[in-house]
Amino acid sequence: MAEFLSLAQAMEATMRDGDTVAMEGFTHLIPHAAGHEVVRQRRKGLTLIRMTPDIVYDQLIGMGCAEKVVFSWGGNPGVGSLHRFRDAYENGWPNKITIEEHSHAAMANAYEAGAANLPCAILRGYIGADLPKVNPNIRHITCPFTGETLAAVPSIRPDVAVVHAQRADREGNVLIEGILGVQKEAVLAAKRALVTIEEVVDDFGPRSLNAVILPHWTVTAIACVPGGAHPSYAQGYYKRDNAYYKAWDKISRDRDGFLAWMQANVIAGGPQDFAKYARRLSAAAE
Amino acid sequence: MSDYTPSEMMTIAAARALRNEDICFVGIGAPSAACNLARLTHAPGITLIYESGTLATKPRVLPLSIGDGELCDTALTTVSVPEMFRYWLQGGRITVGFLGGAQIDRYANLNTTVVGPYDKPKTRLPGGGGAPEIAISCGEIFIIMKQAPRSFAAKLDFVTSLGHGEGGDHRQRLGVKTKGPTRLVTDLCIFEPDAETKEMTITSIHPGVTRDVIQENTGWPVRYAASVAETTPPTADELAVLRELHARTAAEHGKAA
Amino acid sequence: MAEFLSLAQAMEATMRDGDTVAMEGFTHLIPHAAGHEVVRQRRKGLTLIRMTPDIVYDQLIGMGCAEKVVFSWGGNPGVGSLHRFRDAYENGWPNKITIEEHSHAAMANAYEAGAANLPCAILRGYIGADLPKVNPNIRHITCPFTGETLAAVPSIRPDVAVVHAQRADREGNVLIEGILGVQKEAVLAAKRALVTIEEVVDDFGPRSLNAVILPHWTVTAIACVPGGAHPSYAQGYYKRDNAYYKAWDKISRDRDGFLAWMQANVIAGGPQDFAKYARRLSAAAE
Amino acid sequence: MSDYTPSEMMTIAAARALRNEDICFVGIGAPSAACNLARLTHAPGITLIYESGTLATKPRVLPLSIGDGELCDTALTTVSVPEMFRYWLQGGRITVGFLGGAQIDRYANLNTTVVGPYDKPKTRLPGGGGAPEIAISCGEIFIIMKQAPRSFAAKLDFVTSLGHGEGGDHRQRLGVKTKGPTRLVTDLCIFEPDAETKEMTITSIHPGVTRDVIQENTGWPVRYAASVAETTPPTADELAVLRELHARTAAEHGKAA
């Protein structure tokens, strides 16, 4: 049953050191404010799962929160590498991390299977590709009807899912619209779910009969953090901050520069900072 | 019309291969420019799908990311990412998938994972993303890549996505029923697979490009088809539409995509 | 690419004798007008697939169109048995039919797997139940990660899916809203799809960013048949005709009475009849 | 309050077992009446889910079918049927599933498939529908059925859905982690499973019902718990709310559900 909490309280209530964590978002609705809270609360030893780890995971990795990353495409979209991810993986700074690498199709299916409470997902995948040679979590089953060999991957069952959404009503039901990614699946696959939102509304009012809504009893904690997806975006609220993604390349190249930036912008900051980032981009969103 | 860049020639040559009836799985960057150029010129009915879940999208400007709001705003509808990969890609609903990569070999296998050993990479690349299943599930694959000796490699360090494997009937032997890479468009020329060996073979050379330049930028001894055409240069209309698209994109994003 | 045709033409274009056919609808949007057209065109030897075969399949079976029924719950909801289904299965009138019986979960998963172009679906199902003893199409696989035994069923891949929907736009894209059932999956799992609709609109106008829409290139033929779901209903257009469902019990009990009714109401009728049935119920739908 | 029917007593006794926090998978008929009665009396926060995909629905009148428009109109949202069975039922999100059946045995296994042999049935029933997986996936199962000697059968012709199997730890031995039938409410009494044997055992008898009548309507020798209560008769409020619900339903549908 969803509880409305401050972001700090919501994080304390849902995420522990050593947890397997899925902070999802597919370009849209990436939970950046929640990521910063993880840094401020100095969580350690996390296994970070995400199809498309980008800046928010680069920040967590660089700050030493992670010990493993499960992913299918890791980069700063349209810009280049994730320097902190690479530095940790290749050089062990600030700590060594391991990786488990899949394809998008496999991870999307693995989240779907997690939401469906299955132990594994099956797909027609990875044929002729090298990933099964390096990832022991890609196995195969035989269709008992046709004899076809299909790829199988373990379902994703995170300890915590963290997602950002547009709105919650007073009961704590959460509405998501636009590019949905795998957020609904991540929440339903997880033991606990933290949702940050743009705003609380009395009720959702007139809407599609088939609106994408997470009922309040699927969510552990909700924190209202306007702008909480920045530099990602929230459809109907504000646009993607492309300049930030480009700037990150420079900020993150250098360990000291990275640490200084994190100190100034994350450790010394708070969720209230996100509203002003988003405000700058909201006029353009109309 | 002689005043165009190799990159424009590449995009335009790729766009021409798309048909009005195609259902196209579009990647960011050059594929996105080619697909939208096709839509704005000879293939107004083409259906563009981005892996973020946007079905039949008609962006006014090129997206910077695979999940820009513009893609969702102008889509027929937007589905979840699991549905995209299950019902639409694996479902066999896509006629053409567009791929690029860091490295390609003569059979159009692609590497976007690592340079060097997987466990101790010289360069760690972003990874496969959608490519491993795009490569096997789409009816056919178009590849768009600038040529350079290191990226057109004699041997891949890692096969991220299947092209024609080791050539010949390798795809069929793996149980794959789709055609695989049928066209590789570069800034220098166009490759198509040889009917028998499936080696990517040059069928058309862009105007002003020499065979020496092509070989210098390819890590294996290139082969030519029995008859090699000269690529038709960009028409005034193609160039104008492409440049307007980039200009609109620049105005929207502050910088050209 | 969807073609707009008359119902008769659409049926001719999509369904052949001996086809495997899924005419789906979960209480809502059942394609009754299309079912009547199957009877008028005297299709034979059909394998009829549906989670909840009800009146429309009772009519097809009684008229000798079917040789097999694949289903998970067969009855006249809230009323009782399907007398024509039972008479065919138990007494071979007008012809012997065979059955393949599943659970709802298995069929829903089998449609889903069909839409996903997989050869089979896996589910945690049928445990301790007798259906696997009588249905050889219920088999098992072992999860390659946990060792758990899971049920497997073949995916459903009909030759033709027939569904009813609210609206199509001029391009032939089809919008469905309300209780969705398995209709989207049935269409995507099928080789050919016939969709009857309440109305054609110039375009769908403002709508949810995540509206349930079948793109025109997933549909073979569209026939505009207002009221075409009657006695089922179309959300936003007209209500369920509960009296018809109750009346069917009496009509269908007796072979001669059934044949006379079908002659008068189906053979001698046409798709144009449905508009007036629906009109009677549409005021109440507001 | 003595003027009530056995059917009303059954519905009210079943409603009382539901909690405000329950997420309830509701079948048509008596389960639907019981669940909505609970929602309109002591459990206003209860979440009702129908297998047609309607999540958290609050119908003003009882639906006649599992997919009435009223269920969709008053739902939080409506999902597809595959999603309902995958994410919500199999997903383990349901705390209570409500079942009925044509036949039940002493271990609360249910038959809604056939009377007689499967291939040559004496009576062909509608089939399992959602029951086989409701029975294993919901946290616990409540069953509501009128008692009669043929429907409360010593041996089932067909096990459509698992109750406690052959009793004892049979569910666990089958790998099932949920509780199974924890309550069977009839028009005569309430059964609960014995802690050890899992045989359904009478824990409460409705007012005015004798043990002889119960035995006459049960196809096996009934067992009683060590202490057997008398079911609290319907309160004036419970009866009033239930009757108003039925009256609204009758006014809407033209006939009581």
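Each chain carries a letter (A, B, C and D) given by its place in the written order, and its residues are counted from 1.
We take it that a contact is a pair of C-beta atoms (placed from the backbone, for glycine too) under 8 Å apart; a residue touches a chain by one contact, two chains touch by 3 or more.
Just so you know, these numbers come straight off a predicted model, no measurement behind them.
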| item | value |
| --- | --- |
| Intersection of contact partners for subunit A and subunit D | C |
| Higher-contact pair (C-beta pairs counted), B-C versus C-D | C-D |
| Longest centre-to-centre distance from subunit B, chain (CA-based) | D |
| Whole-Å gap between the CA centroids of subunit A and subunit C | 39 |
| Gap in Å, rounded to a whole number, between the CA centres of subunit B and subunit A | 28 |
| For subunit A, residues contacting two or more additional chains | 112, 117-118, 123-124, 148, 178, 180, 185, 209-212, 235 |
| Multi-chain contact sites of subunit D, meaning residues that touch two or more partners | 72, 78-79, 86, 90 |
| Interchain contacts (touch definition) - all pairs | A-B, A-C, A-D, B-C, C-D |
| Contact set on subunit C toward subunit D in their complex | 26-28, 51-52, 71-75, 77-78, 81, 86, 89-90, 101, 103-105, 108-109, 111-112, 123-131, 134, 148-149, 178-182, 184-185, 233, 235, 239-240, 242-243, 285 |
| Contact set on subunit A toward subunit C in their complex | 117-120, 122-124, 137, 139-146, 148, 150, 152, 154, 177-178, 180, 207-212, 235 |
| Of subunit A, residues touching subunit D in the complex | 1, 112, 115-118, 173, 185, 188, 209-213, 215, 217-218 |
| Complex contacts: residues of subunit B adjacent to subunit C | 21, 23, 47, 55-56, 72-73, 75-79, 86-87, 90-93 |
| Residues of subunit B that touch subunit A when the two form their complex | 28-29, 51-54, 64-69, 71-72, 78-82, 84-86, 89-90, 109, 113, 118-119, 121, 124, 126-133, 135-137, 158-162, 165, 170-171, 174-176, 253-254, 257 |
